[in-house]
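The structure follows.
A, B, C, D, E and F are the chain letters, set down in written order, and residue numbers restart from 1 in every chain.
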Amino acid sequence: MPDTIYLINPNTTLAVTQGIDRACEPLRMAGGPQIECVTLAEGPAAIETERDVDAVAAPLVRLVAELERRAAALVIACFSDPGLHAARGATKKPVLGIMESGLLAALTLGQRFGVIAVSTAMIPRHRRVIGAMGMSDRFAGVRALGMNRVELTDESRTLHRMIEVAKQLCDEDGADTLVMGCAGMAQYRERIERAAGVPVVEPTQAAVAMAIGRVRVGW
Amino acid sequence: MPDTIYLINPNTTLAVTQGIDRACEPLRMAGGPQIECVTLAEGPAAIETERDVDAVAAPLVRLVAELERRAAALVIACFSDPGLHAARGATKKPVLGIMESGLLAALTLGQRFGVIAVSTAMIPRHRRVIGAMGMSDRFAGVRALGMNRVELTDESRTLHRMIEVAKQLCDEDGADTLVMGCAGMAQYRERIERAAGVPVVEPTQAAVAMAIGRVRVGW
Amino acid sequence: MPDTIYLINPNTTLAVTQGIDRACEPLRMAGGPQIECVTLAEGPAAIETERDVDAVAAPLVRLVAELERRAAALVIACFSDPGLHAARGATKKPVLGIMESGLLAALTLGQRFGVIAVSTAMIPRHRRVIGAMGMSDRFAGVRALGMNRVELTDESRTLHRMIEVAKQLCDEDGADTLVMGCAGMAQYRERIERAAGVPVVEPTQAAVAMAIGRVRVGW
Amino acid sequence: MPDTIYLINPNTTLAVTQGIDRACEPLRMAGGPQIECVTLAEGPAAIETERDVDAVAAPLVRLVAELERRAAALVIACFSDPGLHAARGATKKPVLGIMESGLLAALTLGQRFGVIAVSTAMIPRHRRVIGAMGMSDRFAGVRALGMNRVELTDESRTLHRMIEVAKQLCDEDGADTLVMGCAGMAQYRERIERAAGVPVVEPTQAAVAMAIGRVRVGW
Amino acid sequence: MPDTIYLINPNTTLAVTQGIDRACEPLRMAGGPQIECVTLAEGPAAIETERDVDAVAAPLVRLVAELERRAAALVIACFSDPGLHAARGATKKPVLGIMESGLLAALTLGQRFGVIAVSTAMIPRHRRVIGAMGMSDRFAGVRALGMNRVELTDESRTLHRMIEVAKQLCDEDGADTLVMGCAGMAQYRERIERAAGVPVVEPTQAAVAMAIGRVRVGW
Amino acid sequence: MPDTIYLINPNTTLAVTQGIDRACEPLRMAGGPQIECVTLAEGPAAIETERDVDAVAAPLVRLVAELERRAAALVIACFSDPGLHAARGATKKPVLGIMESGLLAALTLGQRFGVIAVSTAMIPRHRRVIGAMGMSDRFAGVRALGMNRVELTDESRTLHRMIEVAKQLCDEDGADTLVMGCAGMAQYRERIERAAGVPVVEPTQAAVAMAIGRVRVGW
């Protein structure tokens, strides 16, 4: 019986895969499932548009199918959850998406969640997914950092902007809990939480926790 | 200025492209836009699963980008609207999807629409798209024919099953208008309408009508 | 077989009927339906209150019934869609309302629509209609020009105020597409769109496009 | 200070006005407001279609305006609430509609209400009003008696059919409380309640109770 | 047959019970039900947290059961409606809650209601109750006074803050009607209404009006 | 740092606590948190009515506060989630409820969930909680076993009835995933899943999995 949860980073930026891996660290427990992070070879450097999401879905689902035999569960570690439902159709193993899991975790931490998106171009898609999830009544709003991949490598600027957006979501949109709309940035979570004064969900951790549960209970 | 509306059939079954073309016939008017139907070379024979939808999105969006210069507007002629939002990001020309347009047309014909799906496997996706469209309050239900591509070539059996499903949507789910969840089957529309006693939307025609309007008014 | 789409302006201001007629111009095609605009004799000078809407419904439905034989389809060319559903019961010909059609068109152009209303007094009714249409999840907000009939004859002031309201709907309410909540003002559409930077729907044109489709496909 | 609540029956059938009057009987208290029932001269014999609703709105609102000076509050005593919002704009006195009040009362008696409509033709309108009220999540379903005015004079047949519809709403649609979708039929309420085993709201009584409250507290 | 409506103040602050009693004054009519206000002995001095709501529910329901024989109806006179549904299960007499009744009354006075809450800590619960009532589409927002019991004894400061919050709910959240989220403060209602320019509901009065109706009609 | 997740069974039936404990077994990992199940001394033998839920909330929250220092996280192991939100206010440690967690888990397993309730009397409350959670659009239906505590000790009868209800939720209500609306019955899960042919969530396991995640990531 395979005992490894695979997280797939569908973009080819290794620093993101490494960030995802670090986010998993506290969820590695003796006696618990192995957690391994892989990078999709065919992905773009970043997933910033609807077209990127669609482009990456097919190779990602192929990778899911390839990993199936070795996997106890799989996590799609990109906030747009590309190919999530197709992947579920491609394997009998549990497949979790970090957007879905992150939003669900937020529902246990507050009454109205806000989303800190990275790319402005993705906002309509985020809204549609939240609509498809039937969660509009709990949704306070989404705002984007509006930073590109290069800008995001500047940690202090990124943190500053994340906190700015977090506060707008709380003060202007009425969010009482926040979800980070990105993978591989868990290092900012605690500081955003402290600055905004509301719980902040790191979605990869939320997904891995659900995956561990599914692997252990066997459904 | 290009004056052609391109309909893209994302599956490779030519009979479907031909059915789509016939459905457009009444919408060809002297002085109006040309309407041309093309088949996506990279598509599968039929789009029956979530994975098919995801697989076809990338090549379809590429074709949209290629056709852009020659197109006045584009219609994605598959009821799952694969790549619809990515396509909109890939061109400044109007892009309509037949699912979206078909459901919108239904809202002018009744208070609660039902959807006659082809594949059972697509039902959860249809529900998600309707949720993403924010239309759950007008949605009576979706039921699938549960027929495969080969079975669908038997016209009398297909019609019989469509009518059966149409009546269940009305009688058991409370639909007062129906949307055909497929492209290229316009020939059945009128007979289903007569049998079910409620308006029936052929979604390709709904999308082309919207496209003509967009081309003519220029927005 | 009649081949004329009648648009009924339910107020008696001829300048409005003329504005509606001009809006239809691009939708007149050599081989397409005739498009004719008529003015309801019994209407008020403007429809500015719920009472105006109710008062005009009965004579408007009578006119629909009178025009039925000559009409291929009918369009109620007032943003409140007075008598829309009664008119549908009074004829077997397609009847479209510009509010309904305008909002549906907006759903294909963005994820959250805002409405530029004319009269503040109509805002609660607009909200109710949007609720009745089951579209609250896609609705960003409605704001009124708050101008009366006389003020609206000042074109530059009207345009200025429309742009102001358009920007508020985008910046404060989060609209990413707008619907003009009035008939006969198509001349402002493009300038609002340029100023606000989001798609702007002229609802009469949206309704006529749908009507052409319905006339041509015969359902 | 006027101290009379006027109920307006917008159809000309005096038996209905008398039924409405009897329904008010228990709400007449020595120290409470007077309650008077009037018949709209211009109404049809029955309000059975959307067109009837629209036709009656204008004269009804005129009557509201006429009664204003003598009225402490007004109740529109027809389940379609014709002209309700226009009437509210035409007077500063409280105006209640029996559909609105009846549905609101139902929300205090169960979790999902069903509506016993009279005319099948009115079902789409009832759904739209419930949508406009934002109550779709509490709405179990609506079913019509499908009886005309003449048939409704047969009391035992009417009762029998009402009970039949009531049971379908509970057993098939999951209603746990019911609203009678008609005025002037309070005499059946208790028997339907006993037969269906769930609370049944008589909407005229619900509206008058709200009107008494509004008159007494002065807001 | 008992003819008394009992209002239960679940906190032990007698000034609140007295305020509730004064709010009932206009609803006492010759020939109408008696209205009596009682204080729950086991309650806290104020109900300011979710824990207070839960703590008070059990003794409150016991008191409802004790009063049953003497009561024609019962009203839970605390805006959180503690124990409302349990109380309904504990007696066959009508039980109304002031939050529920207040919100329902607001639906007849405007299209989008705002809530003036007392305690910030209660806002998530208020949102949940509104969600449970299925009223999110009519809900403009909730804002809290953020004042404690001692501060609330300063009448002029309380009024000033209530007006401030009322205006924010209208101007920033789009409320066109307001509900006072507290019991025993009816004396402020009219002044808030004048200052905010929209109807303001005093929820105890709304609940008692409904209770009178239920007592008189006998269902 | 405490490393124990406490599950509180708020009823006094030890067999239920033992069933809960067995359900946790697969979630105990060598390097993971301890998981301990405790029984609330003040609880009733079973929680079958709204009144039971309200009665148990206060002592349960007291127990949460008592356990706080020793607990890494707490789980309320009763499907009605009594006192959930008050408990969250009473401790800074994560508090999960099995209803909330079970429904959230179901959202990752299908598009429309059904709930197998135990007591018919609880159905309206379950509907309210689902409304408060903003999940009505994903909710297919709830049906109760309608069995009392004694009947539930008959395992084969219980299983038979659970399967019967599960099938009705799928076939008649359109559920494509199910949530067991009870604690301590994990032993039936797999057999229901096999019989119904859709995923079945055991809510205690779902809650403990979420709790483990929260404990390990420290938020």
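Here is the rule we use: a residue touches a chain if its C-beta (ideal position, glycine included) is under 8 Å from a C-beta of that chain, and two chains touch if they have at least 3 such contacts.
Quick caveat, the model's predicted, so the values are computed rather than measured.
What's the farthest chain from subunit C if centres are computed as the mean of the Cα atoms?
Comparing chain centres, F lies farthest from subunit C.
Compare the contact pairs of C-D with each of A-E, A-C or A-B and report the one sharing over half of them by residue number.
A-B
Give the chain pair, either B-D or A-F, that is connected by more C-beta contacts.
Here the pair linked by more C-beta pairs in contact is A-F.
State the chain with the largest centre-to-centre distance from subunit D, centres being mean CA positions.
A
Just the number, please: Cα centre separation of subunit C and subunit E in whole Å.
Centre separation, subunit C to subunit E: 42 Å.
If you average the CA atoms of subunit D and of subunit E, how many Å lie between those two points?
It comes to 26 Å between the two C-alpha centres.
Name the residues of subunit E that each touch 2 or more other chains.
In subunit E, residues 124, 128, 131, 133-134, 136-137 touch at least two other chains, as defined above.
Think of each chain as a node with edges to the chains it touches; is that a line, ring, star, complete or other?
other
Which pairs of chains touch one another in this structure?
Every pair of chains in contact is listed here: A-B, A-C, A-E, A-F, B-C, B-D, B-F, C-D, C-E, D-E, D-F, E-F.
Write out the stretch or stretches of subunit F touching subunit E in their complex.
Against subunit E, subunit F makes touches at 49-51, 53-55, 57-58, 61, 83, 85-86, 88-90, 121, 124-125, 128-129, 131-134, 136.
Would you mind writing out the residues of subunit B in touch with subunit D in their complex?
Interface residues on the subunit B side: 110-112, 137, 174, 176.
For the complex, which residues does subunit B have touching subunit F?
Per the touch definition, subunit B meets subunit F at residues 123-124, 127-128, 131, 136, 141.
Using the touch definition up top, name the residues of subunit B that touch subunit C in the complex.
Going through subunit B, the ones touching subunit C are 26-27, 29-32, 96, 100-101, 104-105, 107-108, 133-138, 189-190, 193, 199-202, 205-206, 208-210, 212-214, 216-219.
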